Structure formats: C-alpha cells, structure tokens
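To keep things clear, I will list the structure first and then write my remarks on it.
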Amino acid sequence: MLDNAIYLVVSIAILVTMGLAMARAILGPTVYDRVLAANVFGTKTVLLLSVIAFLYGRPDFLDLALTYALINFVGILAVLQFFQSRSRTEAKEAKD
Amino acid sequence: MELTLDILSFVLMTTGGAFVLIGGIGALRLPNVYTRLHAASLTDTMASILIIAGIMLQAGFSLAAIKLLAILIFLLLTGPTASYAIANAALLSGLDPQCDGSTVGAADGDDESGEELRS
Amino acid sequence: MIEVVFGVFLLTLLVITAVAVVRTENLFVAVMLMSIFSLLMAANFFILDAADVALTEAAIGAGITTVIFLGALALTAQREKRSPNGRFATLGVISVLAALMIWATFDKPRLGDPDAPVHQHVAPWYLEQTPELMGIPNVVTAVLGSFRGYDTLGEVFVVFAACIGVLFVLSAGQGLDRGLFAPDPESEGLRHHLIPKVVGRLLVPFIVLFGLYVQFHGEYGPGGGFQAGAIIATGVILYALLEGEASALNALPRSVLLGMVVGGALLYTGVGVAGMLLGGNFLDYSVLMSDPVIGQQVGIVLIEAGVGITVCGSLLSIFHAFAAREAR
Amino acid sequence: MSLSAQLPALQIVVPLLTAPLVVLLKPRGTAWAATTAASAMAFAIALAIAAGVLSGETYNYAMGSWPAPYGIALGIDAFGSLILLLVTGASTLALLGCRRSLDADIEQQRQPLFYAAWLLALAGLSGIAASADAFNIFVFMEISSLAGYIIVAGGPDRRALPAVFKYLIMGTIGATFYLIGVGLIYMMTGTLNLADMEARLGDVTNLDPVLVAAGFITIGLALKAAIFPLHVWLPNAYTYAPHAVTAFLAACGTKVALYVLLRFDFFVFQGNLAEHDIQFSLFLLPLALLGILIASSVALFETNLKRLLAFSSVAQVGYIMLGASLVTVTGLTAGILHMFNHALAKGGLFLAVAGLALAARGLELRQLGGIARQMPWTFGAFVIAALSLIGIPGTAGFVSKWYLIQATLDHGALGIVAVLVIIAGSLLAVAYVWRIVEAASFGEAAAQPDTGAISPSREAPTVLLAITWLVALLNVYFGVRPEAPVELSRMAAEILLAHLL
Amino acid sequence: MELLGYFNYWVFAIVFAIGLYAVIAKLNLIKKLLGLAIFQSAVFLMYITMDKVEGGTAPIIQKGIEGQLYSNPLPQVLILTAIVVGVSMTAMGLAIVVRIKEAYGTIEEDEILDSDHTA
C-alpha cells in the first residue's frame, strides 16, 4: 500500500503539470511556447511512464519510457532544423 | 532497512513531484518564451534526477535499475539540448529576449505577435 | 480504480488537444499539438495494458510523423487560410453521429469487464496456446508473427506501397535522378550548432543500438520489427538533421534504402513460400525445422527481421523524399 | 500438399512476390513484361479456380495452417471466383493492350515504381476477394487503395492530383468506417472470421451495437463502391488517371467493394438482424433507382468522354445494387451477372478510349470530331462495347438486364417502377452513347495534330486493337452464350441466400 | 463508477467526430490530413479499450505467476497493423499535397477548384 502511495503522489504531480503544459500549448502565444510545451510534455510522459511501470509492477515496460526519452528529442531538433532552413530560404529570397 | 529506503525514496519522489509542479506553474505563468523555457528546463532536470533516483531505490539492483539509469542519462543529455534548440530557434526568428515592462504586459498576446516578429 | 482516474484525466486532455489541433490556423502549431496528441494516445494505450501498441505509437507519433509533417510544411505553407464560417450544417450532422455512437455505447461491455465476449472466444486460446506452440512469452508477437502473420504480411506491403507511392508521386516531372535524388548542397543540417551536434552524435549509436534491442527482444518484451524499424529510422533521421541530408545520403544511399525495402518484403514473402515448398501452407513456420516449436520461433525471428528492414528503409526513403526536395 | 490446394494462396502470393522484384527492373520494358507475366499467371490461377468451382469444389485455405477462427482463412466460393476472374482478367488485358499508352503517360524512370504499384493493386483486390476474415479484408483493402492512389496519380494532367487527394480522403474515411464496424462486431462476438461471426451473432442478445456496426460497414463500403450519392470521388479519379488504369479500375475496382458489402450483408447481418432486409428496400433500393436516373442524366450532359463513361459507371453500380436489394435468387443472379457484364463492357470501352486517345488531341467530345472515320476499327470496337452497355439484344449487357427485369417483375407495384427506371436508364444510355457516336462520326474533323495530309493509318497499335476487339467480341459471345457466367452468378446468389435460412 | 466504464467510448465518439469534422469542413489539405490522423486515432482508442481486463496486465506471459489475468492480445495486433496503415496513408497524402502545391501554388481546396475552372 505504501508503495502505491509513493507513486501516486508523484504521478498526480506529473499529471497536473501535463495539464499546465497543455494550457501553455493552447495559449501560445508564440510558436516557440508550443514547442516548449511539447517538450515539457515529452519529458513528463517519460517520467509518468516510468512511474506507472512500477505502479503496475511491470518494470520490464521501461522500454517505452526509454523510447520516448530518445525519440522526443529528434522531434525538437527537427523543429530547430525547420526554422533554420526557413530563415535561410527567407534570407535567400530577400537577396534575390 | 526496507523502511529507510522507502522513506528516502518517498522523500526523493515527493520533492521531485514538487519540482515538476513548480516547473509547470513557471511554464504557464512567466511572461515570455525565454523565462518560461528557463523555468521548465531547469526544474525538468532536477525533477528527473530526483524522481528516477527515487524509483531506482524502489527497484533495487536489477535490470530495471539499469534501464532507469539509461533513461536518466538520456534525459539529462536531451533535456538541456532541447531547451537550447528551442531558445536558438526563437532567437533565430528574431524574438527579443529582453524582458522589459512592455513585453511583460503583452505576455498573453495572440499568435500574431510572434508571427509578425519573424516575418 | 487509480488507472481509471488516470485514464479519464488523460483522455480529457486528449479531447482538448484534438479540438485545439482543429481550431488553430497555424499549421506548424497544429503539427506540434499533434505530437502532444500522439504522446497522450500512447500514454493511454499504456494505461490500457497495450504495451506493444504504446511503443509503436511512441516510435511513430513523436518522431517520424512530426518530422514528415514538418518536411511537408516546409514545402507548402505554414498557415491555413481562414475557413469560411457557416459550416454549422456539417457540425450538426457530425454531432448527431457522435450522439448516436454514444447512445450505442450503453449496450457495450464496460471497460475492463472480464465477461465481455471479446475475452471469451479467440483470445483465451491465444493466451493458453502460445507458450505451448511457440514457447515465447509475448503473445502479441506470437499473434502478429504467426497466428495472424498474413495480416502482418499485408502490413509490410502497405508500408512498401507507401514508400514507392511517395517516391513515385514526388519524382514526377523531374526523373528519379535529378531533383529527388540530389539534396541541396547548402543544407548543412545543424552542423553549426555545437551543443546539439555533440549530444546528437552521442545519441545516434544509442538509438540504433536500442532499436536493435527492441527488434530482437520482441519475443520477450514489448517490441518487434515494426517498432525497431521506426526507432532505427529515427536514429538515422537524427543523423541527417545533424549532418545534413547529403552526408546522411552518403552513408545510406537511396539505392540501399530501396534495396532494404525490397529485401525485407522479399524476406517475409520468402519465408512464407519456404513453408509452402516444405509441405505446409503459406506462412506455416512449423515445417521450417524438425521441431515445430523451434520452427515457429525461427519463422517469427525471420519475419520480424523482414518487417524491421522494410519499415526502416521505407520510413527513411519517405523522409529523404520530403527533406531533400526544395520548395518551389 | 497438392498444387491445387495451394491455389488460393498462390493467387495472392504471385503478384505480391513479383511487386518488390519489379521495382528493381530498370531496363526499358522489363518491368512491364514481368508485371504482365505475373498478371497473366494470376489470371490462369483464377481460371483454374473458376473451373474448380464450376465443377462443385470450394476452396478453403488456412494461412499458416492455423484453424479458422484463430488463424486467417481464405475461402473462395462461386462469387469470389467470379470477382477474381474479373480482377485478374481486367489487369492482364489492360496491361497487354496499353503498353504504348502507358509509355506515353509515364516517364521511363518511374515505370518500375508504377508497375510495382499496379501489381500491389492487383494483389490487394484479389486478396479481398479471397479472404474470409473481416480484418484481413481491411488490410488488403488498404493495400489496393494505396496502390490505386499511386497508379491514378500517374495521370499526366495536373488535375489528377486533386482527384487523387479526394479519392484518398474518401477512401480512407470509407476504410476507417469499415474498421469501426468490424470493431463493434468483434466487441460483441469476439471473433473476426466471417463464418464464425455469423454463428456467434446468433447468441448476442443486445443487438444495438451490431445495428450501428451494420450502418458503419454499409456506409464505409458504399463509399468505396461509389454507390450514389457517395460517388463524388469517382468521376475525377477515373477521368484523369492513365487510360490503362481507368480500364483496369473501372472494370473491377468498385465491384470488389460491392462484393464485400454483399458478403457482409448476407453472411453476417441478414440472418441475424431481424428485418434487416428493410435496410435494403428502404435505403439501398431507392438509392439504386435514383443513382441510375441521376448519374445517367449527368452523363448525358458531360462533355468529356472519360467523365461521361465514369458517370455511366455510377449508374451501372445502381443496376447491380438494384438486383441485390431485391433479396431473391433471380435478383442477386442478375446483379452479380451485371457485375461481370458491366466489367466486360466498361473494360472494352476504356480500352478503346486508350486507343482513341493516342490519336486524338483530347478527350472532350468536340475534339473527337471525325475520329470514327480515321480509326474505324478502334471506334467499331467502341461501338460494340457501348451497345453492350446499353443492353442491346445479342450482347452481354442484354442478358443481365433481362434477368434484372424478370427479377423486378416479381415485386408488384414496386417492380413496375423499377422496370420503368431500368428502361429509362437504358434509354438515357442510348442517348449518351449516341452523342459520342454523333460527335465521332459526323463532327467536324478537328483532330488534326499536324497540318499535314490526313494519314490513313491512324489506327490504335495492333496489339491494343486486337485486345479491344477481343473484349468487344467477348461481349457478343457472352451475349449469345451466357451459360458459364450465369451459372457462376446463380451459384453465388444461392450461396448468399443460403445464409438467410 | 459504472458510468466511467463507458468514458473511453465517449471519448472515442467525440474525438471521432472532431476528426471527421476537420476532414469534411476544413479546406486546407494538410488540415484535412491532420483531421484524418485524429479520426483514425479515435478508432485505435476504441479497439484498445476493449482489450482491457480488470486486474489484468499486458499479454506478456510472466513465468512463475499462476492465475494472472492478461489483456486481450488480438485488438493490439490489429491496431499495430492499423497504425502502420495510418502512417502510410498520411505519408502518401502529404506527398500528393506537396505536388499539388507545386502544380497549383496553393493548398486550399477552394482555390484549387477556382484555378481549374478558370484555366
């Protein structure tokens, strides 16, 4: 029982934070706020999945959290690349 | 022994949960992108360390603990890098990092402000 | 009890996200929200005890889909024109449809009801027979690879079709060698960003390694060919983002990727035909070895490898087709 | 295991295995040759299966040797074998005839990809026809649709692209609706095998979710089958696709979805849902009648040859649905027979169009002026196929319409209305075919690409001409000697109706 | 509690409706594809909902534990396949959208229609 209580507190904190991040993602105002919110969401999902894996007593499902930890990052870098290439094409257009 | 570990991990995880929450509130309430990023990324790192350390205490010495360590290392590597990437992208697009009075007031403006800054 | 509360919370967030995706006019924002949507979906799948599906959604939704959408956005437009108002008729019809479906739910078995017909007929047989017939613990992999291996064969060919479809459509008017095949030499990726470059380079081998682990651990834990293919593809995409399209294509040329797509599909079909030649039915792995259980295991490992290779090759081909194309 | 027992699997494996290989065939013409060979082999297998079915055999095949509700089963009865014949036959003839036409539409470098997609479409469509598992049908539906989008997107006109996009959206909505329906049934029965579903639905006490499922499956498949009024994707997709693709898909694309719809309805729903036939008489019958009238009328005012024929296809789907919605042996026989005959007629028409298109400047009716004088043989075949489409005695189209009228006459007052609609539809068909003939024979000779003298030999390539004539003559042959298709259709109808008892 | 047991199905119906609305009512082609993805995800949710058994766990059989309930593996297998199909459709749709943009200069449905009618 105590075990579950431990996990419960932390998972509720994470869930609430997910809600807050969601609010940020919807409010904006700039696109970067939304990217930031997506990133926060990603890390929180990793933590939540780790906690739930233990809450359920199936620690072998940590693979899932590991996948997120690795893959969420790629999405964020893709965003950086997206803005970089766009600013370059805009610069090129300005030159022409 | 069992109990000490349990209490320790409980403390770690609760503190971690508090950090998570503080970061979330910061990401929602602070006035502009850079400050929000700051709040989110710093607390994220700390919270990850605390929470995963707490779970590791529960897991004991097993394959799960090694996986948790791997997750922690990856989070520690990718979190700050992602923050850097976002800040850099925002900077590239010409968002002003200066936080003077006017931007504080206009924090909850609409999408257009960011859009126009970039174009 | 707790999981129900978690589920309700996450699902509420899911609905909010879906509304936000539809309402926002900035397509970039919509794609970002879509990645959140996918994360929430995966968390839900996990809570509903579907670890394999959650892993798939994680590997696809967070990485690949976002990257492909961003690639397409870079080539098209970032903002949606304001849609005309007065779409209330559509809204009305669809609301009625949704209400009808909600009404129909009251006759459905409740969530988690162990007496539901779903849990009575075919499923218990799989759970009982898998350890006996195949000797592997992951029943999902057993059903995917052997009991319903024919569906998975179809899935591989769907991926194959998507790959040749994207290549075919995007190569129109310019031939395969020009345009599609030549990335912009100026695109250097994120080479000038020191921090992402160092960290990313560190991560690429780990992602690929982890992908291989998921591939070969699929019989014992959540995972399998499809997830592994997607994860490895994500690793290579990370490399492409860091070092630029050109160097990624040097490391894995398009012809190699196409070879992977073809090879994986052929491997899968070949295993099936081998079963036929050895006297069984199509996709019967029991005849591959003298011991049927070992035969099943060998068959599943082989076809999972085929799935992984095809998926990895396809996703990378699709990514390159978008990323190496210049906006015109 | 004898070879004949492996036929159902081979039917799908042959094109499926060839598709990846074709991608690798770079030298000119080899991709086409390999595709045609695989398609011809599939046709031979389908013929063997049809012969077996006619001699009273049924083909059941357990994939991976797993018994039916646990593994995936294939089951080919008379209905399935008829559809297989259509699919493989249409593919083979279109490939054989249209090589030149495809060369003109698609660049050499992209051809391997195109032919691989063609084979996947063939494999997907045959996979649907052979499958006896609800989810497996979905998977193969997606293969065939995805491949279908690819080959339609090969059209040279830029308008092909929005057409394909619309096709993709509608097709995916249809497939997803089907998936929802299957999910609901699975939820209530716990099985995915069609036969097993039928047996277990009998025990389900609460049928509301099943009713919703029936609705979803019918709407989803009606979208795929382009049943009026869900046909909006079809005209543009057919018009702007490469001509060979139109010949292939028009002959069998929508028929396969209709086949699944009928099978689902009769195998799973009819026997278990009380008064399910009301769904037929209340929704599908009026829709079929409206579809015949409206689509034929639209065709009457269409100015583009391929669009005109596409709208005629929508009307023909109406005839098939009309026959099926009577829920009698004669009605179903007529409907299924009409699938076969319409495939022959429309396949022939679009093959002839492919021939005409090689010489004409465009396919607007006014651009076709005088084409009949320049390409008398090609146009002759076109006219014969068109006569079959109308249903002139002595052609295949007449036989099915005759059966259809017989079937409707058993239905009292409603039957009279239906007969009137059939006759009206046929008259409209006479009118729109006459418009084409008039434009082609008596129109201004506008089709002069170069200003030089009229070259006498502007016929379609010999192979294409031969194939087109073959199909046209088949229309006549099955009009005079309709025994084999009628027998297959009657067997299919009896199998479907046997599930109602 | 009884009623919450149906919550997943309600969410399925609502998300389904939202996605379908985007597909039908939105004129932007990429938005249509996003709607399609949402719409398909809703179906995945429906399938996965039915695999859950109370007190069960994911169907990876643990050695040495008798009498453990496992969730139903079959819907999971089906949805694995369906997710792949969904991604394939999205990729294909995006490729077509990119070509439409190149051929027409716009990705709004009404403008594409206008451009064909005037041409």
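Just so it is clear, A, B, C, D and E label the chains in written order, and each chain counts residues from 1 on its own.
Convention: a contact is a pair of C-beta atoms (placed from the backbone, for glycine too) under 8 Å apart; a residue touches a chain by one contact, two chains touch by 3 or more.
This is a predicted model, so every value here is computed, not measured.
**Q** In this assembly, which chains make contact with subunit C and also with subunit D?
**A** Correct list: E.
**Q** With a step meaning a move to a chain it touches, how many steps does the shortest path from subunit B to subunit C take?
**A** Steps on the shortest route: 1.
**Q** Which interface, named by its two chains, has the most contact pairs?
**A** After counting contacts between each pair of chains, the winner is C-E.
**Q** From the C-alpha centres, identify the chain that is farthest from subunit C.
**A** Here the answer is chain D, farthest from subunit C.
**Q** Determine the centre-to-centre distance between subunit A and subunit B, using the mean Cα coordinates as centres, and give it in whole Å.
**A** 9
**Q** Quick one: report the Å distance separating subunit D from subunit E, using the average Cα coordinate of each chain.
**A** 28
**Q** Based only on mean CA positions, could you tell me how far subunit B sits from subunit D in angstrom?
**A** That pair's centroid distance is 57 Å.
**Q** When the centre of a chain is set as the mean of its C-alpha atoms, what distance in Å lies between subunit A and subunit D?
**A** Whole-Å distance between the two chain centres: 47.
**Q** Going through subunit B residue by residue, note those that touch at least 2 other chains and give them in order.
**A** Residues 74, 78, 81, 85, 88, 111, 115.
**Q** Scan subunit C for residues touching two or more other chains and write them down.
**A** Within subunit C, residues 26, 29, 51, 73, 101, 108-109, 116, 118-119, 122-123, 126, 148, 151, 154-155, 158, 161-162, 165, 169, 172, 193, 196, 200, 203, 206, 221-222 contact more than one other chain.
**Q** Subunit A: which residues touch two or more other chains?
**A** Only 18-19, 28, 31, 35, 37, 58, 60-61, 63, 66, 70, 72-73, 77, 79-80, 84 qualify.
**Q** Please give all chain pairs that are in touch with each other.
**A** A-B, A-C, A-E, B-C, C-D, C-E, D-E
**Q** Provide the residue numbers of subunit A that touch subunit B in the complex, in ascending order.
**A** Residue list for subunit A touching subunit B: 2-3, 5-7, 9-10, 12-14, 16-21, 23-24, 27-33, 35-37, 39-40, 43-44, 46-47, 50-51, 54, 59-60, 62-63, 65-66, 69-70, 72-73, 76-77, 79-80, 83-84, 87.
**Q** Which residues of subunit A touch subunit E in the complex?
**A** Per the stated touch rule, the residues are 56-58, 60-61.
**Q** Okay, in this complex, where on subunit E does subunit A touch?
**A** 57-58, 60
**Q** Okay, in this complex, where on subunit E does subunit D touch?
**A** Subunit E residues touching subunit D: 16, 20, 23, 29, 32, 36, 39-40, 43, 46-47, 50, 74-75, 78, 81-82, 85, 88-89, 92-93, 96-97, 99-100, 103-104, 109, 112-113, 116.
**Q** Spell out the residues on subunit C that touch subunit A in their complex, using ranges where they run on.
**A** So the residues of subunit C touching subunit A come out as 2, 6, 9-10, 13, 16-17, 20, 26, 28-29, 32-33, 35-36, 39, 42-43, 46-47, 51, 54-55, 58-59, 62-63, 66-67, 70, 73-74, 186-187, 189-190, 193, 196, 200, 203, 206-207, 210, 214, 217, 221-223, 227, 231, 234, 237-238, 241-242, 327.
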